[in-house]
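The next part holds the structures, each set out as structure tokens.
Each of the next two complexes has chain A plus one other chain: chain B in the first, chain C in the second.
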Partner chain A sequence: MAETVASIAALTRAAATTATAYRGRLLAGLLTTFFPLLLMAVWLTVVATSGPPRGWTAPDFISYYAAASLLWHLSGQNVIWQWDEDIRGGDFSIRLLRPVHPFWQYAANDLGQRLVMLGLAAPVFVAATLVLPQLGYHLTAVRLLATVVAVLLAYAVSITMASLVALLGFWSTQTTNLWMLWWGLGSFASGWIAPLEVMPGWLRSTAEWLPFRTTMGFPVELMTGRLSAAETAFGFAVGLGWLALFTVLYLVVWKPGVRRHQAVGG
Partner chain B sequence: MAIDVDALVKRFFVNRRSPGLRSSIRHVLRPERHEVTALSGVSFRMTQGEIVGFLGPNGAGKTSLLKCLSGLLHPTEGSARVLGHVPHRREPAFLRQISLVMGQRNSLFWDLPALDAYEVNRTIYQIPRREYTESLDELVELLRLQSLLRKPVRVLSLGERMRCELAGALLHRPRVLFLDEPTLGLDVTAQSAVRSFLADYNRRYGATILLTSHYMADVTALASRVIVIDHGTLRFDGDLTTLTRRYADHRVVKVRLTERAPLGALDVDTVTDDGLTVSLRVSTDDVPAVAARVLAVLPVEDLSIEEPPIDEVVRAVFADG
Partner chain C sequence: MNGTRRWADHVRIILICWRATVAAEFQYQANFLAGLTLSIFWMVWAAAGLAVYFQFTGDLLGWTYPELLVVTGLFFTVNGIRQAVLQPNLQQITEYVRLGTLDFLLTKPADTQLLVTLRRLNVGNLLDPGLGLIFIVVGFVLSDAPVGWNLLTFLLLFATSLLALYALMVLLMAMAVHLIGGTELQQIAYGAVELARFPVQLYRDPFQAVLTVVPVVLLTTLPAEALLGRLSPYWLVAGPAITAVSLVVSRLAWLRVLRAYSGASA
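Entry: the complex of A and B
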């Protein structure tokens, strides 16, 4: 285990070094931080024209999507693109030859890039909370700790879920379209398109049991102080349940999957 | 025994379709899958420190065998053991003792200098710091890497990258080395440097080396034993001399003349004739008689009898099947 942790640390460091190799790429990546703010702009227009939906005011949407912009850089789902490219192009063989499970290699590669982006975006976010009164999160020590744990859980669930879908590449070769379908449907239940509180009741109650909310809505709701202790405990229980299920499924699917691996290319 | 392969079979299912849009649409509705046999009951053994050259035409199964032995592919039938491990289980203890170098694959980090990748290898292969420094210094010297280590891999030439790849693959001093076209695309000087480096590595560490190459010179320079494979079936396993004796039914008689002379009276195939130097293709049984006739009727300055080039012999092996 200690060897695996050391290997993950080394691979994460290399990925972070790669992420800083190109200034242009770094800047473009940083600019994507504002994607969630585009959805915020849509909802602010709705508030301005039709009044607050389900009591959500403009400052509510601003604080929600500002927090979401930080979560944008802490999603592990992007690993699927690298899995897909490697399995299809043959570079997966390079990963298999290293004495570290490919899951950890992809996770470390993603984490290194995420940490660099987060390192740049987080100070901007903190500065914004100090300057803009709408972003007063009023985090207590306990809530801050719970939010940090929820963010880690969000990352773990998103990366395990994406890696599980990536394993289907052993059967279908190409998995990114399947993932886009999965992610597209999930974006309604994650709190990405809209906060779950403003969604129809049936969707909200269904989404609370699905894994997508764990990856975004739950930590943001926690950070913005919208959850009671019971709701927080429920959110953690659902997230941990999905993490366990995805982990077990990953281990079950990995074995027959890698048996089918054709190690294409010379 | 370093490598023990017994009746190894590997079959794949591959999708196959004709080119063009119509065929592609038909394939979406009704995909055609065909079974391909890459390896068909291959058996052989290698002792520690042995170098074996693996010969065969494209698609013969050479790379599939290397992939089975390095744990990338699960065999369909049969068994393989490398250093006592079952390769496809890919136990970390096994992976830390082998290396597979593929001439067309990049295991370094494309955007970073090779040194960064070597540092990562140091950690994931658990190489003690002192041993790492020793290995690195040695590899840098032997492969002349000093000026390359701090450049991003993407700016290196193919030959430079291949040398860096080799160093990365050998930092942990693998006991078994699988090389798939290690000199592919390299110029003559770089090919020669890689060959002499591999021979030296084998001598120093007693590493077992199994290599495939389209360059026959790689095989003749490094391996005394060759395995010839065709359509997944082992066709020959033995030393180069035996291979030549068994499959070459002729010798090449090379003659240097003091002056130009007509060759018609010899009644043999002329391979090359540039006036003063002549190569004759002579049936093995006829060599003494032809040599005597040459000496009798031509103004000979020098005469030598040579075995045919190994690639010609290998072509004869495939033609024989």
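Entry: the complex of A and C
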């Protein structure tokens, strides 16, 4: 156990070092930070033309999307592209020979890259909150702590969910397409297309029970101070429930999957 | 050699390349079907995503829902061409430089720019422009726009849009030969087209001004305005003029890069 933890830490460090070596790639990754801000721009137009929808003012949208653009970097979904490539290209066989389970290899690799990305994006975000009066989070110590835990939960759920879909690569070669369908549908329930509060009521009440909100909407809503204590507890319960379910499913699917795996290349 | 014959030869060469690449890719029929399914899914996704805004407003700065469908259709057309043509060729060019294939291509009696920019096709997205056309037609019919000269101006600005995309592609190719960094350049192309998902007015100033100068406005906003019969006449001249300048500049950049290129295989 201690050895596994040490290996994961070492792999994460190695991935972070590699990430800093490819500066162009890093810059391109950082540019994607702006995509949530495009959606924000459209909402600001809605507010300007027909008033705040469901009471959401311009500063509300700005605060929401600024936090969302930061969290976007922790979506954890990049692991599926790596899994997919490795299973098809044959590098997965090498991963199987290593003493740490492939899940941790991919997760550590992703975490290292994400930490570098966040290391660059987070200071900009903090500076922006100090300069822009529209960005008001009014964080208390308790809420800050809860937000940090919610972000960790978001990353854990997201990476476990992506790895579970990646396991289907043992049966099919189309996991990335499947993932895009899954993510595309989920983006309506995660708070990515729009904050859930401005979504139709039926969608919002369904989304509260789905795993997607845990990965994005929940931490952002928590941080912007929109959730009561009861709603916060409910959000954590749903997130932990899905994390447990995905973990169990992963373990169940892994065994027959890896037995089915036919090593390609080498 | 006389000018028209040279053009005809080049068209023939490109058609031969395309026949070969389509034949090669159609061996993977499941891939083609998966690509088509995913494209249809993303179109429905985009239309549903737009509907979220229209819960609260009848129009966004003068753009109604059907009118935005026209823009979305144009976005899918342009984005489909980016994925079908720009993406595979840009991916190849770094390989051409690394392996020395570019040296070989330079010795061929056809124009190298044409060969490297249009040689490959990604069949999975080949039908996207057709799917985009469906949205353009549906949006146009539902929007009660007049039928007349606007169809002609639309064709002019649509051609302008595609040529502007081609100029961007040549510029990225030139940069790729110079920098040998494919991933980042792909991200630039992706980002530039992604900005054109909404008409530039929705971003409002100062971003609207920036996107008009960096001519993202050419890609979808102007052809859509032309079709809906509300393009300011000034753009009828300025649009094609900007595109013509971009084509010349990108051509010069390409020739300049080739002159500085010292070969990889020798």
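Throughout what follows, the second predicted complex is superposed on the first by the 265 of 266 C-alpha atoms of A that agree within 3 Å, B and C clash if a C-alpha of one lies under 4 Å from a C-alpha of the other, contacts with A are read in each partner's own complex, and residues count from 1 in each chain.
The rule is short, and it goes like this: a contact is a pair of C-beta atoms (placed from the backbone, for glycine too) under 8 Å apart; a residue touches a chain by one contact, two chains touch by 3 or more.
Computed from a predicted structure; not experimentally measured.
Novice: Under the stated touch criterion, which partner chain does A:227 make contact with: chain B (first), chain C (second), both, or neither?
Specialist: neither
Novice: Could you tell me if A:154 is touching chain B, chain C, both of them or neither one (first, second, both, neither)?
Specialist: neither
Novice: Touch test for A:216: chain B only (first), chain C only (second), both, or neither?
Specialist: It touches nothing on chain B or chain C.
Novice: Identify the partner contact of A:174: answer first if only chain B is touched, second if only chain C is, both if each is, neither if none is.
Specialist: After superposition on chain A, A:174 lies in contact with chain C alone.
Novice: So, does A:62 touch the first partner chain B, the second partner chain C, both, or neither?
Specialist: In the superposition, A:62 contacts neither chain B nor chain C.
Novice: Of the partners chain B and chain C, which touch A:261 in the superposed model: first, second, both, neither?
Specialist: first
Novice: Scan A:96 for contacts with chain B and chain C and give back first, second, both or neither.
Specialist: After superposing on A, A:96 lies in contact with chain B but is clear of chain C.
Novice: Touching residues of chain C toward chain A in the complex: what are they?
Specialist: 30, 34-35, 37-38, 41-42, 45, 48-49, 52-53, 55-61, 179, 181, 183-184, 187-188, 191, 194-195, 197-198, 202-204, 207
Novice: Help me check something: in the complex, which residues belonging to chain A touch chain C?
Specialist: Counting only chain A, the residues touching chain C are 24-25, 27-28, 31-32, 34-35, 38, 41-46, 48-50, 53-54, 174, 177, 180-181, 184, 187-188, 193-194, 198-200.
Novice: Provide the residue numbers of chain A that touch chain B in the complex, in ascending order.
Specialist: So the residues of chain A in touch with chain B come to 3, 6-7, 9-11, 13-14, 17-18, 21-22, 90-91, 93-94, 96-100, 258-259, 261-263, 265-266.
Novice: In their shared complex, at which residues does chain B touch chain A?
Specialist: Listed in rising order, the residues are 12, 63, 67, 70-74, 88, 90, 92, 95-96, 99-100, 102-107, 109, 111-112, 116-117, 119-120, 122-126, 152, 180-181.
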